[in-house]
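Let me give you the structure first, and then I'll get to my questions.
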Amino acid sequence: MPQNYVKQMELARGMTLSALVEQYDKAGVLGAGRVGRGVRIIRHLFQSPEYLVFLALAGPMVPGGLRHIIADLIRTKRVHILVTSGANVVHDIIEAIGGHHVKGSMTVDDRELAKKQIGRAGDVFIETAAFEQLEKKVHALLGQIPEKTRIAGLSPSELLSEIGSQLDDPQSILRQAHLQSVPIFCPGILDSMLGLHLALFRQLHPLNLDELKDMKILYDRVYEAKRIGAIILGGGVPKHFALGANILRGGLDSAVQITTARDEDGSLSGAKLEEGISWGKVKATATFETVIGDATVLFPLMIGAALEQLDAH
Amino acid sequence: MPQNYVKQMELARGMTLSALVEQYDKAGVLGAGRVGRGVRIIRHLFQSPEYLVFLALAGPMVPGGLRHIIADLIRTKRVHILVTSGANVVHDIIEAIGGHHVKGSMTVDDRELAKKQIGRAGDVFIETAAFEQLEKKVHALLGQIPEKTRIAGLSPSELLSEIGSQLDDPQSILRQAHLQSVPIFCPGILDSMLGLHLALFRQLHPLNLDELKDMKILYDRVYEAKRIGAIILGGGVPKHFALGANILRGGLDSAVQITTARDEDGSLSGAKLEEGISWGKVKATATFETVIGDATVLFPLMIGAALEQLDAH
Amino acid sequence: MPQNYVKQMELARGMTLSALVEQYDKAGVLGAGRVGRGVRIIRHLFQSPEYLVFLALAGPMVPGGLRHIIADLIRTKRVHILVTSGANVVHDIIEAIGGHHVKGSMTVDDRELAKKQIGRAGDVFIETAAFEQLEKKVHALLGQIPEKTRIAGLSPSELLSEIGSQLDDPQSILRQAHLQSVPIFCPGILDSMLGLHLALFRQLHPLNLDELKDMKILYDRVYEAKRIGAIILGGGVPKHFALGANILRGGLDSAVQITTARDEDGSLSGAKLEEGISWGKVKATATFETVIGDATVLFPLMIGAALEQLDAH
Amino acid sequence: MPQNYVKQMELARGMTLSALVEQYDKAGVLGAGRVGRGVRIIRHLFQSPEYLVFLALAGPMVPGGLRHIIADLIRTKRVHILVTSGANVVHDIIEAIGGHHVKGSMTVDDRELAKKQIGRAGDVFIETAAFEQLEKKVHALLGQIPEKTRIAGLSPSELLSEIGSQLDDPQSILRQAHLQSVPIFCPGILDSMLGLHLALFRQLHPLNLDELKDMKILYDRVYEAKRIGAIILGGGVPKHFALGANILRGGLDSAVQITTARDEDGSLSGAKLEEGISWGKVKATATFETVIGDATVLFPLMIGAALEQLDAH
């Protein structure tokens, strides 16, 4: 059968993730084809030592169950730069200090939840008490940073590394990023519960947040990289930042995005990676794939399959 | 850790589909939670002998690579009634008579494809020549049906069983449905290339298509069933028909749908299964789950995981 | 300012629909641009006497408030062929015989609705009592059709014309279609409450539904048309049928679709109209536009603007 | 006819935006119902002097043609606080200094665009030359800010006001915001071409960006407000920030969001406003509406209708 025919998928009992993805690849069209090609790109990023790999996170990836998988990718040096929304940082700290996310429901009366002091993100519930713990912890952590350092100003990535150094949890993303010297860029850090507490802390104590400093830290890493790849979950500022960081060097060499957004409204969140070529965010010669779907399903499947294939080679 | 906490997923090397779905279930929220619960329902449908199981197909499931998986579910008596768009029937016949689907692209000039006589469905290409083969085959098949039978009228499910009886391919959905006495209901059969050829055949020969007869065949099956479940891929007429068939008995006992449609426009395609309760299409006591995503990715994963779990029990 | 610059939109107090659409057109990009171009196409269809105009309806267009607008387009001979899901026919009859749709809610307990005998489509409620009226009316209507006609067989369009002839309501779509000799094709008619009652009626009385006959009625209209255009609301069988009807003549000359479906899953519902070119459903030279959004908002706006512009010329 | 029946919409020739929205409201269901209720909320925000009104912008609102409408809402004191992505700020400056957005196409070879130095956002094109002008202008503007001020640190809203003061264009959002003392919060400002130039400027000159200062400016406005409302276009950081700003006072009193994102992935972008109640971002007693669709179509329609109604009262 010629290479370019759609080959009908076959299931086998006890098949592994990689075996399933092989079937997707064999069919090679629609969503299955996109997952198949996406896994090939991820495997390539992971096995090529010349690649600096970005991971961008928007949406509830930590509350949704991807925290340990992400921390492991940092620990095993698969991922070298993290760009994230403030929320994923906040939820990582919450789990690190003993807070929990709870399996909830989307069809629920939010007024009742408010009375019970439970916040909701989709069908994930979290008790407000966890945020009170967070408040105490953040203020304590900030207090331990020497006043001189706080006056001189910390960049968000420095601040997050500092926080990571003070967390015990080895499965924490911030902890592993600190240990592996993976910078965590968080361009919207003030737009989060952490940002709120930074603002409140500063009403009582000196604190300067020097976001521009992170641009230099970022560009230094980007300039010294031979090749750069990106795995992008969700859209928004993290996606935009990961792409934008590569403009000055002519764009990404390779990228996979997993997203639920579509391109018809012209938003960056929904933009296909092709669009990035026009801006020099993605190289004209790059390999890339957009996989449409829910990252809590697709990311574990795709990462699991890619790692299995790496082991097999 | 209490049962209702989101447990962060862990990947293991060489993990199987069922092991991955166990991790989804452990997290239990967002898309991963929906897939986890959906697999539990499918497993329940497959292992409970009192269940009559519908499979509804809308969208390019055969061109997208799900043909053999579906035929296998019929062959192994997991699925007992098929409801489908005309297109999936057409594409099953095309593959049975030696035609092929080709891995194409979505970013292509359709005017060029038209010149090359290639039709496109998403990134699946198919040569018009395949439809010429189909035309010959359908006219030959119809010619072999005794004129008396054609005048008395065949229902679509009878016609499709007749066609299945004349196909050699053991991996054909129509062939397996014929062998296993699984009726294929195709309420929009005339809205397909097969319908076109039925109409053209009739301009030259007697042929009556008696769709109302299928309603009786359907209701007989439904009434004698102890419990009824449904696996629904996509929306449209096949979904509506599978749900509607159960109104007269008070609704489905259990159902899973995999869909890319959303509920905000009030269409049946995007309706959550809850809505079916109000109409008596789904029982108030039913277990059901809506999984949002691409069926070419999710259906193999979910069926594979459910079958693996069945074997393990 | 050159023609091809995005001109920023300006609002004026008391501006009309056409004036707003002019602003969309001036900007000319994203959703606004698509609406602007779509209105131009609709206006062209309405003002060109050589055009045979299809209107395809999938989704809850009658429950959603578009019934009178559609009936008026038929009455004023803007639309010449209707293709619809069975549901819109059912809901048109329900309103014609005094039943009502009720403003409901999407966040409601469907188990409570079931107890109150209320069916839900999105946030539209309808009392089951209306369906009981429907049942009586349909059986009475069918009883009035001479037995000889019923044995010879009616096509769905003939049946719907017959029903239309017996309805009093001048704002009924079926009534107006009957009066204007606009055939209503309903390829999934059996997949509806009307289909259910046809099946039940037939258990007691002779009735043949001859769907193949409609193919001839359709092709006769299509072949004699100089040019053909289509306005397509939603996807599914009605869209597919309206496109498929034009294959034998080389495709539509012009079309607008308003849809909430996207193209990434390869389904016909979400396919852009370009895809139709590859199949010969749309001519390579055709003008067409896909507008993504909710038809209950966009259809009145676009039709209103097009009619206003026609009056002005 | 009882109030709660869906009343079928009627079109009238030359009808105004408000007359159309009245028809939507009469029907009162699905998208039309949501637009109808959304307009009522916007009218209420605009006519109630006790309201502090946020406008949040994510996605290409300026390139998409909404720039003058937004600037006018600021000029006429309908909107009192702006929260935006960096991109909308950048594109406002570009138009203010003579740059243009161009009507393009989504089906285009991005490699060709890259060669022609054209960037693409959906079907909006923009010449890279515009960004070179931007670079010069931003460096000149920053140079005019006294070094002492730059060392002391400007918050993003102060910086944007400073830039607005130096732009001539009365239709510029930044210009009008400066004139009307409307703060522009831009929590992801560094994630934009403006951010890039701030970083490059700082490699040569002193410049401190003090984002935490904006939190105080924001909270001061929020605390003194009697009631707060929000109009939210798109999701991401601007939506999150506008909601989050209201946590400390118990939530928004009223809000409308127009979005293309859905809630199933648990992202804040797609979250219904109800979810905000659980977090105290929206009051339990608040009136709010989520309208799903393209803001370039819906925002002009809804604002136009609301203003027309205000004039009529």
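Should a chain be cited, it is by its letter among A, B, C and D, assigned in written order, with residues numbered from 1 in that chain.
Basically, a contact is a pair of C-beta atoms (placed from the backbone, for glycine too) under 8 Å apart; a residue touches a chain by one contact, two chains touch by 3 or more.
No experiment lies behind these values; they were computed from the predicted model shown.
K.L.:
So if I look at the partners of subunit C and the partners of subunit D, which chains show up in both lists?
P.N.:
A, B
K.L.:
Subunit A-subunit D contact: same residues or different, taking over half shared as same?
P.N.:
Same, since most residue numbers here occur in both copies.
K.L.:
Could you work out which chain's C-alpha centre is the most distant one from the centre of subunit D?
P.N.:
B
K.L.:
Quick one: report the Å distance separating subunit A from subunit D, using the average Cα coordinate of each chain.
P.N.:
Centres of subunit A and subunit D (C-alpha means) sit 26 Å apart.
K.L.:
Go ahead and note the Å separation of the Cα centroids belonging to subunit B and subunit D.
P.N.:
44
K.L.:
Which residues does subunit C have that touch at least 2 chains other than itself?
P.N.:
Subunit C, residues with two or more chain partners: 29-31, 60, 63-64, 107, 122-124, 262, 264-266, 274, 292, 294-296.
K.L.:
Pick one for the touching-chains graph, please: line, ring, star, complete, other.
P.N.:
complete
K.L.:
If we count contacts the way the header does, which residues on subunit B are in touch with subunit D in the complex?
P.N.:
Touching subunit D: residues 29-31, 107, 262, 264-266, 292 of subunit B.
K.L.:
Which residues of subunit C touch subunit D once you look at their complex with the stated criterion?
P.N.:
Counting only subunit C, the residues touching subunit D are 4-11, 13-18, 20, 23-24, 26-33, 35, 60, 63-69, 72, 95, 100-104, 107, 122-124, 171, 274, 292-298, 300-301, 303-304, 307-308, 311.
K.L.:
Looking at the complex, which residues from subunit A come into contact with subunit D?
P.N.:
The contact residues of subunit A facing subunit D are 58-60, 63-64, 85, 87, 106, 110-111, 113-114, 118-124, 153, 187-188, 190-192, 195-196, 198-199, 202-203, 207-212, 214-216, 219, 234-237, 240-241, 244, 247-248, 260-271, 274-280, 284, 294-296.
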